[in-house]
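Each of the two complexes below includes chain A, the first together with chain B, the second together with chain C.
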Partner chain A sequence: MDAFGMGLVAAMGALATVAGASEDIDSDIGSQSNPNSQVQLAAQVGNPHRIYNKAIAGEPPSNALWCTTAAIMAYVLIEGYHMPLLFAAAAGASLAALFDGVMSVSAYLGRNASQARFNQWIYLDIIRYTTPSIMAHVWITSFCIVLIAIMQVYILTPHHPFPIPVIALVWGLTVGAIGSSVGDIHYGGEREFQWRLFGQGLNTMLSGQIVRKAEAGLRNSIDNAWFCAKFGGPATGMGFGLTVFLDNWRTTVFDPITQAGAAIAMGVFFVIVMNLYNFYCEVSARRKYGPYPGYKGDIAA
Partner chain B sequence: MAETVKGFKIDPKKLRIYGLVGSVVGIYLAYILNSVTGTNIFSFVGALAALFSVVWGANAVRRVCAYGIGTGVPSIGMLSLGMGVVAVLFGLSIAEQMGIGLLGVIIALVYSLIFGYVVGLIANRVMGFNIPVMEEGLTDLSGAGTLAILGWSFAISGSLGYADIVHSVINTGFLAIIFICGGLAILHPFNANLGPDETQDRTLINGVMVGGLSTVATGVCALMTLGLAAGMVQIVVGFAVWYYFFVWFFRLAKRDASAVVGTGLLPPTVQ
Partner chain C sequence: MNFDANTIIYLLEIIVGGLLVGIGVHFVPVGGAPAAMAQATGIGTGTVQLAAGSGLTGLLSAGLMMHAMSLSPTFAQDGYSIWPILLTGAVGAMIMMDATMLTGSWIYAYAVGAPFASAKVNYDPITMFSQPPYVAPGTVGQGIPTVCFVSGTIGAAMGGLGGALIYFPLVLINGNPAMSAIFAIGIFMVDAVLASWNIQGTIEGFHDPKFKKWPKAFKACLISTAILAVVAVLITPLVGGV
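Showing the complex of A and B:
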């Protein structure tokens, strides 16, 4: 273990935290992934809305696409044209943001046009002011992920044997999966259904009955970003940052070849501690806020 | 709206022939043009050939997923390219070992069609999907994925040799972008147009549009593997394809939507 390596691991953790947070907010602005099904369903049950409908293949594949796009550009600039690392990452992230803009707009147009019979209109102003915020968040995510990949390949010793695009693909899938399972719950559970009873879960009867009106005027996707940036985004960032940091920390402290056993044992220890903490959180929430008013007892499947 | 937009409706069987023939002919045409002129500037023709298979694949996704596979759309697209990667590597390496390098495309295609059919059989019979067009759809998807990967791999490597493709597409990691961007080109069209009023022309035009984006991406890769000139040509061609089809897609969306407004409140009936 050396101080430089540990500093890099810490930097990677910090970058991953930012990437996770921006990834989640990006998907919340666009209503991607799990909450998207409710946005899609809303018009079909008679609730046309002014919320963005960015259906791009679920978060893991779409984030893998942004990060890989950024990575190929960075890789070409670094290897082929000997550009500085930071410049290459920034240029790559810009290309990824453009790709994202195109995909988002096509998804919004396509999904809403396919709901013509439910009277779901296409609002061009939503495309104009929401798409740039989505692209900006994608820029941040792919920039951070590409920097992590660059660090792993060029700076951290031993250098990672895989090329940058493949590492970025894997990190993109990971950040998408974590954003999908951590942050989207906050958006889908708390923001789309604000008036249901707390702790009830989502009743099938409520499917598609999302909140469409805001404190003033109609709700739009920027309002959702404002809400999700308070908890969902940071929680996702912490989830992804901890994953990157703890995983790299144990292989930096313990040599993966000579002290493999200790590194694995440390990983198992982290998993056990996190499970215990999760259990504690749930029990504590039930104790403080339960019994939930809408809860009618477990129903056998 | 007085504006009339060109729409179309194509029979899946015809589309399959167009996709197959267009891609195979395009890949070989690219190879011949490169060999005859002794340059690699015509590698972009390989990327254009991939667009035919993208349309073919996008239509197959549309047919299979119309049976109510909503969240499975991304999975089936990834499956298509996954089968494609296996088939391409198998076909090219077998052809190289047998000393018939040029026939690698055909071997990969035949292998992928059989592979896709078997996967379809397993999905329907063993896993019990019970979708009538599953075998047919997965055969189409596997073939389309294979030809898309071959086309874009040619666009990056400028060659059909196994060793060249391993050197400039797999060792550099550019296969990752072909996999994910090509996969999105096949799965995104139906995913982005999902809904009861989905139309074939809008979905397929969306596919070509994303294919144009993928061509831009492979052009960026070609900047390193083939040099500045060949890469730039590919980026420009990809951009042109994207722009033309994006404008067309926007017009089709305007044609199909219940209303396209600059801004406004919710539709009057539900306010």
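Showing the complex of A and C:
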């Protein structure tokens, strides 16, 4: 263990936290991934809306695409043209953001045009001021992930044997999977349905009945990002940050060659702690919200 | 490379790795899009995406461990030792899956405000907590109860172990970590998708009745991985390893 390596792992954890948060907010602004099923459905059940609609792909494949695009450009600039690492990462992220902008606009136009029969309009002002926000968040995500990959390959010892694009592909898939599993719940379960009864899951009968009015005026995707940045985004960042930090911390503190057993045992310890913490969350939620009042079965709570 | 007894061992390792991935997916509690709206128990995303996210995080750890071993001064005499590589892959995958489920639980418990409940069993097999009184009407459970969390951890361990077990022989065959990683990701995806079809996209874990369908996925993964393993072993002499 050396102090430099520990500092690098801490920096990677911090970058991962930022990447996770911006990834989730990007998916909330663009309304990507699982909760977008409700946005799609809303117009069909008679609720046309002003929410952006860019289901380009599931979050993991699309983020893997942005991060790999950024990483390939960074890799070419570093290996072929000997550019500085930070500049290469920034240039790669800009390319990824441009790709994302093109696909977001075509997804919004295509999806909403196909719903014209349900009175769903294409709002040009939404495209104009929402797309740059989406691109900015994709820039942050891919920049952070390319930097993590660069650190793993060029700086942290032992150097990772995979090239930058492969590492960026894997981290992109992972950050997308975490954003889709964690942040989406805050957007889909909470923000889209704020008038359901608190303390229970969403009744299937309410599908498509998303909230369309904002704190002022009609709700758009920027309002959703404002709300989800308070908890869903940071929680996603925490999930991805924990993954990157804990996984690299154990192989930095313990030498993977001579102390492989200790590194593995430390990982198992983290896993046990997280299992116990989830049990605490379960007990606490059951105590706070209690059984459903209208339950008629014969199983005691 | 030449075909010899080692080739058979490599083939078997890849096939066992693929089977571990295929069965491991059955353990991961995924509720798909309804879970993202707190309408179903489990993690609110797709099976393949989550399994891939965790298994490939394990693959990164396993790749690093394998590379670190080759840097050891005694590597010339000792060679690779397979168990640390496999176990570190499993642990990396478990850390990713648990971090995801834990932060997801925060949102279910403190933002959406839903008590964790499974609609598939009356009592949680691990904590013995009653489930039906906590299932809100119009939903099939919410959140990630303890049994789902433990099941997800087991599934991630199997996925990480499987991914590392596919990666390990590929590196020995072609000596190129990048190509091996991409091939391992490919085989991983095929098995994860096959298993996902078998469970029709959602499952709660080993207590779910759908879990009993695993032998079908086992057979499908066996055939597909066997074909892919032969291709993986053959492709190196065809394109030339490094």
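Methods note: the second predicted complex is superposed on the first by the 289 of 301 C-alpha atoms of A that agree within 3 Å, B and C clash if a C-alpha of one lies under 4 Å from a C-alpha of the other, contacts with A are read in each partner's own complex, and residues count from 1 in each chain.
Simple rule for what comes next: a contact is a pair of C-beta atoms (placed from the backbone, for glycine too) under 8 Å apart; a residue touches a chain by one contact, two chains touch by 3 or more.
Everything numeric in this text was worked out from a predicted model, so none of it was measured.
Asks: After superposition on the shared chain, which partner residues are touched by A:131: those of chain B (first), chain C (second), both, or neither?
Replies: Touch status of A:131: no partner.
Asks: After lining up the shared chain so the two structures overlap, which partner does A:278 touch, if you call chain B first and chain C second: first, second, both or neither?
Replies: Touch status of A:278: second partner only.
Asks: Touch check for A:166: first (chain B), second (chain C), both, or neither?
Replies: Both partners.
Asks: With the two complexes superposed on chain A, say which partner A:32 touches: chain B (first), chain C (second), both, or neither.
Replies: neither
Asks: Which partner does A:58 reach: the first (chain B), the second (chain C), both, or neither?
Replies: both
Asks: After lining up the shared chain so the two structures overlap, which partner does A:107 touch, if you call chain B first and chain C second: first, second, both or neither?
Replies: In the superposition, A:107 touches chain B alone.
Asks: Would you check which partner chain A:79 touches, where first means chain B only, second means chain C only, and both and neither mean what they say?
Replies: Once the two structures are laid over each other on A, A:79 reaches chain B alone.
Asks: Could you tell me if A:22 is touching chain B, chain C, both of them or neither one (first, second, both, neither)?
Replies: neither
Asks: Check the contacts made with chain A and report whether chain B or chain C touches more of its residues.
Replies: Ranking chain B and chain C by residues of chain A touched puts C first.
Asks: Is A:236 touching anything from chain B or chain C once the two structures are fitted on A? First, second, both or neither.
Replies: In the superposition, A:236 contacts chain C only.
Asks: Under the contact definition given at the top, report the residues of chain A touching chain B in one complex and chain C in the other.
Replies: In chain A, positions 37, 58, 61, 162-163, 166-167, 169 sit in both the chain B and chain C interfaces.
Asks: Considering only the defined contacts, which chain C positions touch chain A in the complex?
Replies: For chain C paired with chain A, touching residues are 32-39, 43-46, 49-50, 52-54, 56-57, 59-61, 63-69, 71-72, 84, 87-88, 91-92, 94-96, 98-116, 122-123, 127, 129-139, 141-146, 149-150, 153, 177-178, 181-182, 185.
Asks: Touching chain C in the complex: which residues of chain A?
Replies: Counting only chain A, the residues touching chain C are 33-35, 37-38, 58-61, 158-163, 166-167, 169-171, 173-174, 176-178, 180-190, 192-193, 198-207, 231-232, 235-236, 238-240, 242-243, 246-247, 250-251, 256-257, 260-261, 263-264, 267-268, 270-271, 274-275, 277-279, 281-282, 284-286, 288-292, 294-295, 297, 299-301.
Asks: Give the list of chain A residues in touch with chain B in this complex.
Replies: 37, 40, 44, 46-50, 55-58, 61-62, 64-65, 68-69, 71-73, 75-76, 79-81, 95, 99, 102-103, 106-107, 109-125, 162-169, 212, 218
Asks: Across the complex, what residues on chain B touch chain A?
Replies: My answer: residues 70-71, 73-74, 77-78, 171-177, 179-181, 183-184, 187-189, 191-199, 202-203, 206, 209-210, 213, 217, 220-221, 223-224, 242, 246, 249-250, 252-254, 256-267, 269-270.
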